[in-house]
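Each of the two complexes below includes subunit A, the first together with subunit B, the second together with subunit C.
Moving on, here comes the complex of A and B:
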């Protein structure tokens, strides 16, 4: 496993827009790093550049401080889980898993290969499918085989492009825990791409938030959650999403100068107490919690209520805002708390 | 609940379907199936098309015994097999190689493809005639080019018993390699690029990528090309007829040419009907077995 460093990497597909723009990033040895960003932000492009599948236009890519910018993919020794599963369609699951081990750069015996493949198959619960053809699998099984094909190896870095996206919720949760365990046990370096913030917060050692090819913030999940640099980053983490409202709506006394907007996390709005009064617009039960949409001065605030909620749409409701945890943003959407 | 039954007026869907394909079916019956049945019937007779006044007698399986008992048909089969083996092998190997080359992106790619495909567009008889000129021992371009690299002196591709079988192999390969190339190219284009990317990241060598990804993906296409060319070359007639006329002697007389000779020079209509049925059964049998194998490979 290695430390991976990107230095001012820029990748341009067509002249007009940059898929990744002056991106600098260090992924430490043994770190689980998650790239978060909306569609088109350049997540896949970043992974492909590290794997060597895309030629970058400028910048450097270092593996353990060694320059790998123009090294062929095979010699970078990365393991890639592609967004489309990209299994080898003519082969059985076993041979798909064994394929990376058959490289002549590796030189493993048949027994070693068999042992490794079976271990991984067991871990990903696809032992019974080893003799199926790759095309005779469900989407979730294909994705697990794709993950397995990366995990049989011991590469410099694992690059995973939304590997859990087509699995059902339960399996996703299991694999999330499993992947995190594997990563800890192996001390693996993983760069992982996702849209799913639950994945990001539960697995990541650090998160990088991408916006239109630019890395806007890097930090631990707590840092990103509690102290987002901008409204954009604030929106990326947290479910239900953060309330971003004009500061005039609350007209608070203690606030930084040039405050334009306020960010209030739903869990920081307490209901049935306090001085504010609004109307219930929506309620959404999430099991142990309820998300309540409160109409207040023509806007909607989302509040998170612990326990099951008895209110009815249209009722008046009192609420309080925990002012200690409010985030303040200026007119450039930057956090100035 | 009340069931809604809508009764359509006029023809049912099925009837309309039949109506649409009826003209084709009638035509096929008329020009394919009827002559086939007629030929089978004649193969049991001693009918001569040039002796219409003679009484036609039923001779049973005598024609078949006669044909299969003679050395000639096996000789012709051998000549045909030689022709088929070499043309098919060369066309598959060269066709696949060219397809691999043209599948790469480079400047002039499309122009080159068009140029390579040209021979296929010509009429086989025309090809036969002008290769006849190219092979000419005195003024032929082919002879000249070969002698340019190594001086064999004057040699006659079409006149020599050892060279003539190769002369027809060369022409057929020249003409039909573009066909196998096109089919292989279609196969190559159908392979998604990310498979190669995955293999590259998995550290597979170029050779491994070829063996594990390219070959299995184009194999069904290759087999299809082989089937088409196999059937075509089994009944090859026009090009070789123009080129050598079966000569020298009968060194390049393929089964189809032999058949034509029996039917339309010696006018042994009953006899040659039996001959044709034998050839038909041969290729039909081979074709069927082949398609079964091909499907099995595709399902693998």
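Moving on, here comes the complex of A and C:
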């Protein structure tokens, strides 16, 4: 495993569009780093650049302080899990897992390969499928084999491009936990790309938030959640989403100068208490919790209520806002709390 | 309402009509082939009898004549010979002839094999590499080049027969195997590149990328990952190339006479004693049909999948 460093990396596809814009980032040895951002933010391009599948236009990529910027993919020794199309369809599961080990670069004996493949298959609970053809697997098994093909060797870094996004919710949760455990046990360096914030918060040691090719904030999930640099970052984490409203709506007394907008997390709005009064617009029961949409001065505030909620649409409702945890943003959407 | 079949399933009646049309078409197409196969087993006399004989006494005269060269001899000379040793000698003797040696058919047939398979192999080899490059890399003027490749098939190949004839004479390629292989490859290549590029485009590039990250060079990835998945397209393309090279007549007449002459220009020249030897020609044609039929049958699973490729995803 290695420390990976990106120094001022820029990748341009066509002249007007920068896929990655002056991106600098250090992923420490043994770290689970997640890049978070919406489609088109440059997440996949970043991964592909590290793997060597894309030539970067400027900047440097260092593996353990060694310049790898123009090294061929095969010699970078990275492992990549693609979003789709990840198995070689004409091979059996065993051969899929063994494929990276059979490379001449690694020069392993047949017994060593067999041993490694079986160990990984056991870890991912696919040992009974080793003789199946790759096309005879279910979606979850396929993706497990794809992850296995990466884990079967000991590369500089594991690069994972939304590996769980094509799976159903239950399997995704299971694999999320498994993946985190595996990473901890192996001490693996992983750069993981997703737009799913649940994946980001549950697995990451650190998160990097990408916006239009720029890295806007790097930090632990807590840092990013509690102290986002901008409204953009604030929107990336938290479900239900944060309420961003004009500051005039609440007209608070204690606020920094030049406050333009307020950010209020739904869990910081308390129901059936306090001085504010609104109307219920929507309710969404999530089991143990209920998300309530409250109409207040022509805007909608989302509140998170613990327990099952009895109110119905159109009812008047009282609520209170926990002012200690309000985020303040200026006219450039920057956090000035 | 009848719910036993899906809305897309044709009704029993239209299925019957379709079956009827197919049967009629099959019969019409098979008549000439049946006629040729049957004629190959007729004697010279019954082959030209009128009305045509549908039921006849089978004879291997056509095949014997196809493979042998014979001369007519006087009765006294024939009587002076020792008795015939083989069944085909006996057959020839009964027509007052003796076998003087093998005919040229076998060598012409071999030429067809060498040139047909050679050109097919070369077309596929070059076509696969070119199609891969066009499919995966940023080639300058890619669209123009692809159009240029296609444009080589916009006129009938025989339109350039004269320049090619002159060129081949100057280069010493006339009547050579290699010359004919090159010529058929040139004609086939545009079809091969276009067909194969379509198949290559269907193979996700993530496969090779994965292989390259797994520690393989692009060439290794191409041979280990791309090629096995392109077999369908390669088989389908190979059949088209093979059929063209095998059947080609015009260039073969023009450019080959002896050394590299293929079967198509040779077969019609089989002339027997006192007239055209129809059974021998029919026998030659029957044998000529076989390789391309076997080739197609062997690869037909791929051919069918090749034609429906794109509509049917795994």
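One rule holds for everything that comes next: the second predicted complex is superposed on the first by the 336 of 337 C-alpha atoms of A that agree within 3 Å, B and C clash if a C-alpha of one lies under 4 Å from a C-alpha of the other, contacts with A are read in each partner's own complex, and residues count from 1 in each chain.
FYI, a residue touches a chain if its C-beta (ideal position, glycine included) is under 8 Å from a C-beta of that chain, and two chains touch if they have at least 3 such contacts.
From a predicted model like this one, the values you see are computed outputs, not experimental measurements.
Undergrad: Once both complexes are superposed via subunit A, do subunit B and subunit C end up clashing or fitting?
TA: clash
Undergrad: Could you say whether A:135 touches subunit B, subunit C, both of them, or neither, answering first, second, both or neither?
TA: A:135: touches subunit C, not subunit B.
Undergrad: Contact-wise, after the overlay, does A:80 reach subunit B, subunit C, both or neither (first, second, both, neither)?
TA: A:80 sits against subunit B and subunit C alike.
Undergrad: Could you say whether A:99 touches subunit B, subunit C, both of them, or neither, answering first, second, both or neither?
TA: In the superposition, A:99 contacts both subunit B and subunit C.
Undergrad: Regarding the shared-chain residue A:88, is it in contact with subunit B (first), subunit C (second), both, or neither?
TA: both
Undergrad: Could you look at A:157 and tell me whether it touches subunit B, subunit C, both or neither (first, second, both, neither)?
TA: neither
Undergrad: Using the superposition on chain A described above, determine whether A:1 touches subunit B (first), subunit C (second), both, or neither.
TA: neither
Undergrad: Give one of first, second, both or neither to describe whether A:35 is in contact with subunit B, with subunit C, with both, or with none.
TA: neither
Undergrad: Across the two complexes, what residues of subunit A are contacted by subunit B and by subunit C?
TA: Touching subunit B in the first complex and subunit C in the second, residues 51-53, 72-74, 77-80, 82, 84, 86, 88-90, 99-100, 103-106, 149 of subunit A appear in both lists.
Undergrad: State the interface residues of subunit B toward subunit A in the complex, per the touch definition above.
TA: Listed in rising order, the residues of subunit B that touch subunit A are 192, 194-195, 197-205, 208, 212-213, 216-217, 300.
Undergrad: Could you please specify the touching residues of subunit C with respect to subunit A in the complex?
TA: For subunit C paired with subunit A, touching residues are 204, 206-207, 209-217, 225, 228-229, 314.
Undergrad: Which residues, counting only subunit A, touch subunit C once they are in their complex?
TA: Touch residues, subunit A against subunit C: 51-53, 72-74, 76-80, 82, 84-86, 88-90, 99-100, 103-106, 135, 149.
Undergrad: Along subunit A, where are the residues that touch subunit B in the complex?
TA: 51-53, 72-74, 77-80, 82, 84, 86, 88-91, 99-100, 102-106, 149, 153
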